[in-house]
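To keep things clear, I will list the structure first and then write my remarks on it.
Read from first to last, the chains carry the letters A, B, C and D; within each, the first residue is number 1.
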Amino acid sequence: MNSPNPTSVAEAPRETPPRRGPIRLPRDRHAIVDSFFRFQSLFGLAAVFIIAIAVSPVRNGESVFLSSGNLANIVRAVSEIGIIAVGMTFVILIGGIDLSVGAVLGLAAVGSATLMVDSGMGILPTVLIVLLIGTAFGATQGAIVARLGIQSFIVTLAGLQAARGIARMWSGGLGIPIAYGDGPQEAPEAFSTLSGSINGVLPVPALLFLAIGVGALLVLRSTAFARHVYAIGGNEKAARLSGVPVRRVRITVFAISGLLAALAGIIHAGQLNQGSPNDGAGYELDAIAAVVIGGTSLAGGSGSMGGTIAGALLLGILNNILALNNIDANVQLVVKGLVIVAAAALQKLRPRIA
Amino acid sequence: MNSPNPTSVAEAPRETPPRRGPIRLPRDRHAIVDSFFRFQSLFGLAAVFIIAIAVSPVRNGESVFLSSGNLANIVRAVSEIGIIAVGMTFVILIGGIDLSVGAVLGLAAVGSATLMVDSGMGILPTVLIVLLIGTAFGATQGAIVARLGIQSFIVTLAGLQAARGIARMWSGGLGIPIAYGDGPQEAPEAFSTLSGSINGVLPVPALLFLAIGVGALLVLRSTAFARHVYAIGGNEKAARLSGVPVRRVRITVFAISGLLAALAGIIHAGQLNQGSPNDGAGYELDAIAAVVIGGTSLAGGSGSMGGTIAGALLLGILNNILALNNIDANVQLVVKGLVIVAAAALQKLRPRIA
Amino acid sequence: MTERPLVRMTGIGKRFGGVHACRDIDLTVRAGEVHALLGENGAGKSTLINILSGVITEYDGAIELEGQPVSFAGPSDAQRAGIATIHQELDLVGGLSIAENMFLGREPRTRMGTVDLRRMRRQATDHLRTLGADLEPRRLVGSLRVGEQQLVEIGRALSLNARVLIMDEPTAALADAEVERLFATIAELRRAGVGIVYISHRMAEIEVVADRVTVLRNGGIAGSVDPKTASRDDIIQLMVGRSVDALYGEGRNEPGDVLLDVRGLAVAPRRPTPGRTEPAGVDLTVRSGEIVGLAGLMGAGRTELLETLFGAGGSGRRAGQVTFDGRPYRPHGPRSALARGVAFVPEDRRGAGLMLEHSVADNVVLSALSTLTTLGLVRRQAVKRTVAGQLSALAVKAASPAVATATLSGGNQQKIVFAKQLLTRPRLLLLDEPTRGVDIGAKAEIYRLLHQLADTGMAILLASSELPELLSLCDRVVVLHRGHTVAALPRASATQQAILAAANGDDAKEAR
Amino acid sequence: VEDDPGSGSSDASAKCGSGKDFLIGMSQANNAEPYRQVMNDDVSNAAKSVPGFKVVVSDAAQDNSKQVADVENFLSQGINLLIISPNEAKPLTAVVKKAYDQGIPVIVLDRKVEGDAYTAFIGGDNVAIGKAAGEYYAKTLLPQGGNVVEISGLPGSTPAAERAQGFREGIASNPKIKIVASQTAEWLREKGQSVMDAMLKSTPDIDAVYAHNDPMAEGAYLAAKAAGKETAIKFTGIDALPVPSGGIKAVEQGRLQATFQYPTGGREAIDLAKKILVDCAKDVPKTTTLGTQQITKENAAEVYTTLGGKQ
């Protein structure tokens, strides 16, 4: 006899593929189910994409949404959030969170502008110093989390404030405009490549985002480091007893997040020709949203980089299609909320462990 | 040879059943350590309080910080965050998070103003309707979390956007001023009590905060509901196997959070004589910070309401003392960041379960 | 026999994807009897009782309770119908007190609607006392050791005053004294007419406690026997499908040089943690090729000693001398212990051993990753081969190496922890209750394996609460009492009585 | 401005003329500030009276990058004219230039962009407004001198800096006026209240509060009222929005002594857009600086009506 109680369905133990970890050893029918759900993070993206095509305004008989210029704009618009989200994925996989990324972006933007314009440095030293600052900032936060055992939420919330304060002090509170040229107080022309495109089609920031995303995806698939990351998020105690260098991994992960936030800050400065201490406010929430929509669990231990990339693109498409349809800004907020939940629900089609 | 090892006292030898006498845990030793650490959430608060006294400016030979008016102001200033944080504590205890509270506050502030001023309602119906809206909003989020199994971060992030959008649409994007009187377009005079004080000393919002805080503290200490909350956060599977109504508790917890956010919104409107749709922006992070500084784990299952109240007061004192000393706003940010981490580190003095 | 059974399950079947966990099982439980369920790891015992206790709600077949067909929507439904369950895995809330855990979901109320803490604590104390456990009901469950948690689980089930009591390996974490008390309690319940389903891998217990035995194999019923008449071999034959002889190996090689030498090891914790017994004067040696047992009562500090030797113990000041392979040994953490060739299988497999939601393969290779990587990159093929080899060496029953570890049966999960540590090719293997929940056939495999490993020169230090296991497996048995070594008995003089006497501290003076 | 592509040669002007439909993109830096919300409303309302005008408003939520994307999205849609109130000058210069170079007329409101790749700029002068406020303090409010506390806008924002600077110029003529404390309340009413709470304690003998906007002035007023000092201290704000929650009403109702209008330029922008799109005007003024108005109890009600405030 089957007991057809509807409410208990979700709670019954089910056939359960493992959480998305690095290994996949397909063999029997599990493999089919698994590879189907491997792409679950793409469900929401695909759905939003199809809807976007359907509702796109048409201009001169062409879909505005699908025009190559528009698609490039979408990827460029999410590239900073996307790069931050890549770093955030590592942090969330170990069960942490990094709220400081938006402020670190602002700090890095100010740093780039100040070093090039005020200190007259070249591009390479500027980029290196700024990336170093971001990495050091992240690593410091990681060390506090790992050594003192304080929750990363609180450490990085404090880090957010601190980075914002430092950026404002450094810049005197004002955005520092970047003028290009060879004179004093001018940045090397080459820096403006960041706001350009390859072949006039693919924006440089978009290219960087995709390159970093794919790189991180490979790292997460095939390195021992990635397995340590998953292990810490899965069961920290077991990881420690298995010889995983928990502290070191933790610090590294926060350092990566800081590094990528700083990179996003450099791109930000290059795109906007300015480094302002208030840049990147609230980006942390967008980045976390991209990660979580991509199917990574905030509890740590399960998730994928492909999901994060998909999540970031989904958010970008959503913003774009709402704007293209001239939805009232306030209505946009409501619709965005609903679509995000719907997208997350779609990712959930995957069966869960009871 | 009998060991004089103090730790082994607690582990009196297990004897074979017939010889077994009632071996009690030595109450005394445990009790001292326990009651010491029960108040661990107060360490940070006490430290900040002492520092505040030490660095307070002095006027007419009196510490400005310690003046009763100033202390009252501190509590008033944190009362809204505090009330939100009380609801947030429940949410975090079950391992969730509620990012929508700030926006719900704004929605409730707009609701209060609109209903009283534009619709000419009395205080009681207004308050009831607004509280109902907040509760329903929270419960809906809770239902989505509980039914669809989507992470609360994403649901309430969407909720944040939705609530903000609704509030802006409702108010036309502008603050709605509340004038008092009996005429049309005027709110009942009694509503302004919210900005007043009891005996000219204790501000009404502060009183409400403390009352709600103590009430929630008692609820958390002595109800079955509270046990269910802790159980869900600690080990959801165990809770379910024990027959805890997991879904219902979850929905209730989010409803409480929405209810208290709405209450804070009413107070907000009463204090500022205005309901603006942009009110409460970023309050969620402050409230979460208060909860976490108070020692509640974001992983759920452990924490206390006393800690949350202490955490909210700590943040209030910090803001106050920095302002009293006319610290530069940017330096304030950095100092606040550092103090928050230090406070959290202090709370950590408590021994942890391995 | 004419009496209507309390529970009648007919034609029960359950599939998990490709795995047929139960097929066409009929089971009855009568009032006042203890019906034992036996079977290898993964035979379907837990699945069957999960169906009866309402945890699994989708299955084939029918359940009758006192003649009435029932269908539970969830565990609380089954509880209300009078079915109490002690689940195999400890499912308690660490952040709540003992009393709160025991009454979770059905807290007694005062007239004001608040929880009646006093009544709750009193009743909790009472129930625990019948089990011989004097635990302060206000203590947090998270601070209890595994055996104590097991007692809390049992106490909780007893407090339900159920008509049917299901016990899934209730004694897996208990020492002999507690087991005896539990059996006394079971006898009382039986007299009171409670129907009991009892699952265990300890054959000796079955002989003492069971009225009837049903053996499961591969999800189906392999047969039913009367424990009074059937021999142990018959039952094992039913379970495994062959006879398992030489459960404990004989004829050991001569041990080699001293590998681990511990003298006067003591740890003074910086902050005392209630419930932990840190080493307070431990002397022992382990030679390569030697299997040394650690005996002691619950709370004697065996686990803490092993943790300390692995660098995973509590922090604090250390006294004494430890040398490993002739050089001073003081691991900063598990990592440095592993680097020196010391591996550890913890007692709490779910809390400390496994990433339950990750795949079996991920778990198996975690400790030995460095041997499977080139330039930081994991060699997939090597991982695949290694995992497959390890799983077959330990006869792990899993649908595939890619399934989540949580879906494995309890005993098979234990084997995964084992497999993971063996992969590091240690010189010294520290084992804490390594065969907990492992079926008799697999136990034999593990013992054989341990002997093989010892023969290759590996040193093994093994803590176990099963005295027969220690007696027949070990070359020497070291007995701990309150963190001290009180005896070191060579195989020849190690008897059950001698060990128990030392463990109780009776001859502490002589031994020192 | 001869070869001005925005109002000249291409697309837009080819299309200009009456009886046609025009899509106007209004890119707003941030809808959360009342001033900007009123600017949006002014633009939308003014556009309603021009047949064929359709305005779409985007909200960049204070994010330069988002505002760049907003403008890009407008361009994808093919707007006929862009009105933009930039979040910051430099970051939006490039995208504004891009629009302008595509032949789309661009009207910049409130904050400038760099260079001159736009059709027209309309805005107030914050230094002048600050100065007007300062002079009002020097001559009218505190002729005998006194202690002033300043509650400033978001640190780093240009209006905050300019309103501070102008005010100092304005009070220079009266050396007896002292600025005894200055704290930021980030433009927010509730922050104005809590900052004032603290200043009331830390700073003795406050005579007046100079707030960089009306909401902060109102917040400060509430704090003083709670301390029973609302009559002893005088409050002034800036913005004077003609809405019920704005400063004009606060002056009318006696909470603020004065406020200084910071015009939104919304209606002026649509007037200009009409000239460009409907009247095909070739020559429009590149820069229009809007004056301020001092609002005190005497003229408050009247100004409120003339500015079209709803009751």
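The criterion applied here is as follows: a contact is a pair of C-beta atoms (placed from the backbone, for glycine too) under 8 Å apart; a residue touches a chain by one contact, two chains touch by 3 or more.
Nothing here was measured: the structure is a model prediction, and the numbers come from that model.
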Those chains which touch subunit D and also touch subunit A: B
Selected pair, greater C-beta contact count between A-C and B-D: A-C
Between subunit A and subunit B, centroid-to-centroid distance (C-alpha), Å: 29
Gap in Å, rounded to a whole number, between the CA centres of subunit D and subunit B: 36
Whole-Å gap between the CA centroids of subunit A and subunit C: 43
Centroid spacing, where centroids are CA-atom means, of subunit C and subunit D in whole angstrom: 72
For subunit A, residues that touch 2 or more chains besides their own: 11, 168, 173, 328-330
Multi-chain contact sites of subunit C, meaning residues that touch two or more partners: 55, 74
Touching two or more other chains - residues of subunit D: 31, 155
Touch relationships between chains, expressed as pairs: A-B, A-C, A-D, B-C, B-D
Touch list for subunit A against partner subunit D, complex: 57, 59, 64, 67, 69-70, 73, 77, 80, 168, 171-175, 177-178, 195, 268, 271-274, 276-279, 281-282, 319-320, 323-324, 326, 328-330
Interfacial residue positions of subunit A with respect to subunit C in the complex: 1-3, 5, 7-9, 11-19, 21-31, 33-34, 222-225, 227-228, 230-231, 234-235, 237-245, 301-302, 353
Partner subunit A, residues of subunit C touching it in the complex: 16-18, 50, 55-62, 69, 71-74, 310, 312, 333-335, 338-339, 344, 346, 351-362, 365-367, 369-370, 372-373, 376-378, 380, 383-384, 387, 399-407, 420, 424
Residues on subunit D engaged by subunit A in the complex (per definition of touch): 31, 56-59, 61-66, 68-70, 72-73, 76-78, 88-91, 93-94, 114, 154-156, 158, 161
Subunit A-touching residues of subunit B, taken from the complex the two chains share: 95, 99, 144, 148-151, 153-155, 157-162, 164-166, 168-169, 173, 237, 240, 285, 288-289, 292-293, 297-299, 329-334, 336-338, 340-341, 344-345, 348, 352
